[in-house]
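Heads up, there are several structures right after this.
Next come two complexes built around chain A: one with chain B, the other with chain C.
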Partner chain A sequence: MLEVRNGGFETTVQDYPGRIGMLSLGFAPAGPMDDYAFRFANVLVGNPPGAAGLEITAGGLVVAFHDERAIAICGADMGARLNGQPIELWRSYLVRAGDVLEFDYLQGAGFRTYLAVSGGIDVPPVLGSRATYLPGAIGGLEGRKLREGDRLPLGEPTTDPAQAAGRRVPASLVPAYPGYNEVWEVEATRGPQADPDYMTAEDMAFFFSHQWKLDAASNRTGYRLDIHKWQWARTSGGAGGGHPSNILDNGYPVGAVNVCGDQPIILCIDGPTLGGFICNAVVAKAAMWKLGQMVPGWSYIRFKEVTLDEAIALVKKQDETIHESNLERS
Partner chain B sequence: MAEHTIKSPLPGIFYRRPSPDAEPFVKEGDTIAPGTVIGLVGVMKTFHQITSDVGGKVVRFLVENEEAIRPGQPIAVVSDEA
Partner chain C sequence: MTGHMTHPSGVILASFPERNGRPSVVYRNAGDSFLLVEFGEMVFDLTMSFRVLGLDDAIKRNRPAGLIETIPALRSILINYDCRQISVRDIIDFVEEQYEHLPPFENLVVPSRIVELPIAFDDKWTREAIARYVQYQRADAPNVIDGTNSKYAAMYNGLRDEEEFFSYIMATDWWNAALGFFPGLPFAYPLDPRYAVVLPKYNPTRHWTPAGTVGIAGPCLAIYPVESAGGYQIFGHTVPIYDPQQRNPAFRESPVLLRPGDRLRFRPRVTDEELEAMIQAVYDGTYQYQIDETATFDVGAYLRFLKEVEPEAEAFRRRQAEAAARVPVP
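What follows is the complex of A and B.
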């Protein structure tokens, strides 16, 4: 059991890849916004990479342990302290009954961090996943973010915690997050509604060259980018609506760049599953983790166009990278 | 007399008013009690209250209304002068 003494700003139970295969029923997958850090945290403690752990947004979480476990924290630096002593990110530790882990606020670049506990968080799966889907209030612990007094059941570790502890992700595999006012390069494919049918070639060239500012009103549902006056290839959306960004309602891919009038919005893992606006690009699956570490109101994005084959190759490379064989004994 | 700096734990947009038409939560020169709300930080379409951990007089604000702020950024100075 993991005891929550302070839930922080927004801490949720997530698993990977979340509640997949249900877009046609209106369910977004949910899961960790930064699945790279999330999966590596699990691998460090000897869990399957997708086991349920905690997504900690912007800090403030305090938890107490009630038995011996291996733990790891991967992601943004929130000044984590175990029994008052600073502990390192991207490294596994052994904790015992009575140990207390505290997170302060963000200490530098990045926005979310992930806590994996050996055995995983053993909340009941809902529709096949333990991931918390906040807009639908399902999954995780009662479909909500954590708060003081919560007690999270833990699973049986599959690896001896003492053996899993004392390992680290090598520095070469720890991402360096761009800082405040800096630019993230995000791989993306051309979307289902790009040029020449919906946008002009100039619109798409602008899209792949502009430094887009991430709005402060961005969250797990959508990442809002700058307003831009597009040229558009059409004068109206026809039967789909009066504006050229309108189309007949259709399904949206996860990670789609959804252009609503003048505003592009990246549909994140809690995003809508269908609608009637064009999607001119789709963030590559292996680049989705970057969204999780951007700071709303401060980060910039430049999209780098990749082909579908290149996007698939990136996923394979990422899956090979997040593997126990790449860890070091520390 | 000692001056205390109130910091924001969150990045986001700082607001001095509960709504665009309302009066500011506090003004410079006001005397406040510990726990008084001095502003809001808006991020991810939610609002988080910034409170003073000390009582005293609001000396000055260090950020403008609707300015983007970083985690740990000083927001206001409060003096514990009686």
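What follows is the complex of A and C.
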């Protein structure tokens, strides 16, 4: 059991890849915003990469352990301390009954961090997943973020915690996050409604060259970018509506860049599943993790166009990277 | 496969012209996890939904490994796939084969449950949402008359009064073409064109809509599954269509009540007090949803029906257009 003494700003139970196969009923997959850090944290403690762990946004979480476990924290630096002593990111540790893990708030670049515990968080799966989906109030613990007094059941570890502890992700595989006001390069393919049918070639050239500012009003459902006056290939949305960004409603890919009027919004893992605005690009699956570490109101994004084949190659390479064989003994 | 690359931008992966009365198909790139399949032209044609759901059913029944799920909409199917298991080329070949073998449109008989939902019109919940809108958002909204949207809805459609508007809502079955945006939210269209009311959207959109609210924008009817913002004209309230706690047997398999291809039928008309008791009974687990699980929808019979009622439908559309021209848009 994991005892929550302070829920922090926004801490949720997540698993990977989340609630799959429910888009046609209106459920986004949920899961970790940064699945790279999340999966590596699990691998470090000897869990399957998708096992349920905690997503800690901005910080403030305090938890106490009631038995022996391996733990790992991967993602943004929030000055984590185990029994008052600072501990490193991207490394596994052994904890015992009575140990207390505290997170401060963001210390530098990045926005979310992930806590994996050997055995995983054993809340009951809902519709096939333990991921918390806040807009639908399901999954995780009662479909909500964690708060003081919560008690999270833990699963039975599949490897000896003492063996899993004391390992690290090699420095070459730890991503360096761009700082506040710096630019993230995000791989993306053209989307279903790009040029020449919906946007002009100039619109798409602008899209892939502009430094987009990430709006402060951004969260797990959507990342809002700055307003732009597009040229548009059409003068109206036809049967979809008056504006050339309108279409007859269709399914939205997870990670799509959804252009609503003048504003592009990246649809994140809690985002809407269906709607009537165009999607001019789709963030590569292997680049989705970067969204999780951007800071709303501060970060900039430049989209780097990749082909479908390149995007698929990135997925395969990422799967090979996040693997136990790449860990080091520390 | 006879498709060809037609797009210099690479957005269109394959396209096929109309064949033997089957609408044209375009396969649009939607990234390394999604593929968008679009049928015919971007016009509002409800009959396209029957083809889409017929094909969707065939795809689901013969689903190859790596095809995770399909998200049908009015004239499209978004396919979610695992790029580690299947290529886009193979998916296109598979879908084309299913499309080729789809029975002639007129002979399609698709599974379509009939779901009866009680409705209270101009109920206290709807009135409260509208009152808040007038107080906090827009005092001079032309779509609010006597604290309701129903009088405006009647005027806009050339109907005598709100009672005649309500009778139109109850006179037709509503075809649920898709679910999405929020968990379980239906996008339902009137099957009887003699009662196909249309309405413009709110401007600006409403900050608050209670769960269970029934509204219409354009030709589309929606039921709000969760408390949320909204843009549809609202005029009624029904029993829950989403229960994350799954407290009623109707939600045992899924917290979402409705499915694509369901027909919604609003009956009986109830008072606020009666509806309140029904909602309580839903959560007690004693309310019995009226759902005909085995019903099917015969497309050929429906097309004959459309032909029969066309003169009356045309007369209504004319009356409607004349009325709408005299009524201010929000």
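Operating definition for what follows: the second predicted complex is superposed on the first by the 330 of 330 C-alpha atoms of A that agree within 3 Å, B and C clash if a C-alpha of one lies under 4 Å from a C-alpha of the other, contacts with A are read in each partner's own complex, and residues count from 1 in each chain.
The rule we apply is simple: a contact is a pair of C-beta atoms (placed from the backbone, for glycine too) under 8 Å apart; a residue touches a chain by one contact, two chains touch by 3 or more.
This structure is a prediction, so every number in the text was calculated from the model and none was measured.
J.: Is the arrangement of chain B and chain C around the shared chain A a clash or a fit after superposition?
T.: Aligned on chain A, chain C fits beside chain B.
J.: Applying the touch criterion given at the start, work out whether A:G275 contacts chain B, chain C, both or neither, answering first, second, both or neither.
T.: Only chain C; A:G275 stays clear of chain B.
J.: Identify the partner contact of A:A58: answer first if only chain B is touched, second if only chain C is, both if each is, neither if none is.
T.: After superposing on A, A:A58 lies in contact with chain B but is clear of chain C.
J.: Can you pull out the angle centred on chain A between the C-alpha centres of chain B and chain C, to the nearest 10°?
T.: Taking chain A as the apex, chain B and chain C sit 100 degrees apart.
J.: Output check: A:A217 vs chain B and chain C. Expected answer is one of first, second, both, neither. What do you get?
T.: first
J.: Please indicate which partner A:V254 is in contact with in the superposed arrangement: first for chain B, second for chain C, both, or neither.
T.: second
J.: Which chain makes contact with more of the residues of chain A, chain B or else chain C?
T.: After superposition, C is the partner touching more of chain A.
J.: With the two complexes superposed on chain A, say which partner A:G240 touches: chain B (first), chain C (second), both, or neither.
T.: So A:G240 only meets chain C here.
J.: Touch check for A:G297: first (chain B), second (chain C), both, or neither?
T.: Once the two structures are laid over each other on A, A:G297 reaches chain B alone.
J.: Is A:S118 touching the first partner chain B, the second partner chain C, both, or neither of them?
T.: In the superposed model, A:S118 contacts neither chain B nor chain C.
J.: Quick one: smallest Cα-Cα gap between chain B and chain C in the superposed arrangement, Å?
T.: 13
J.: Give me the intersection of chain A's contacts with chain B and its contacts with chain C, in residue numbers.
T.: Looking at chain A, the two contact sets are disjoint.
J.: For chain A, which residues count as touching chain B in their complex?
T.: Against chain B, chain A makes touches at 9-10, 57-60, 104-107, 111, 180, 216-220, 295-298.
J.: Any idea which chain B residues touch chain A in the complex?
T.: 9-13, 42-46, 48, 68, 70-72
J.: Mind pulling up the chain A residues that touch chain C in the complex?
T.: It is residues 20-27, 126-127, 133, 135-138, 143, 188-197, 201, 204, 238-241, 247-256, 272-275, 279, 282-286, 307-308, 311-312, 314-316, 319 of chain A that touch chain C.
J.: Can you check the complex and tell me which residues of chain C touch chain A?
T.: 7-11, 28-34, 36, 38, 42-44, 68-78, 80, 83-84, 88, 178-185, 187, 218, 225-226, 242, 244, 254-256, 259-260
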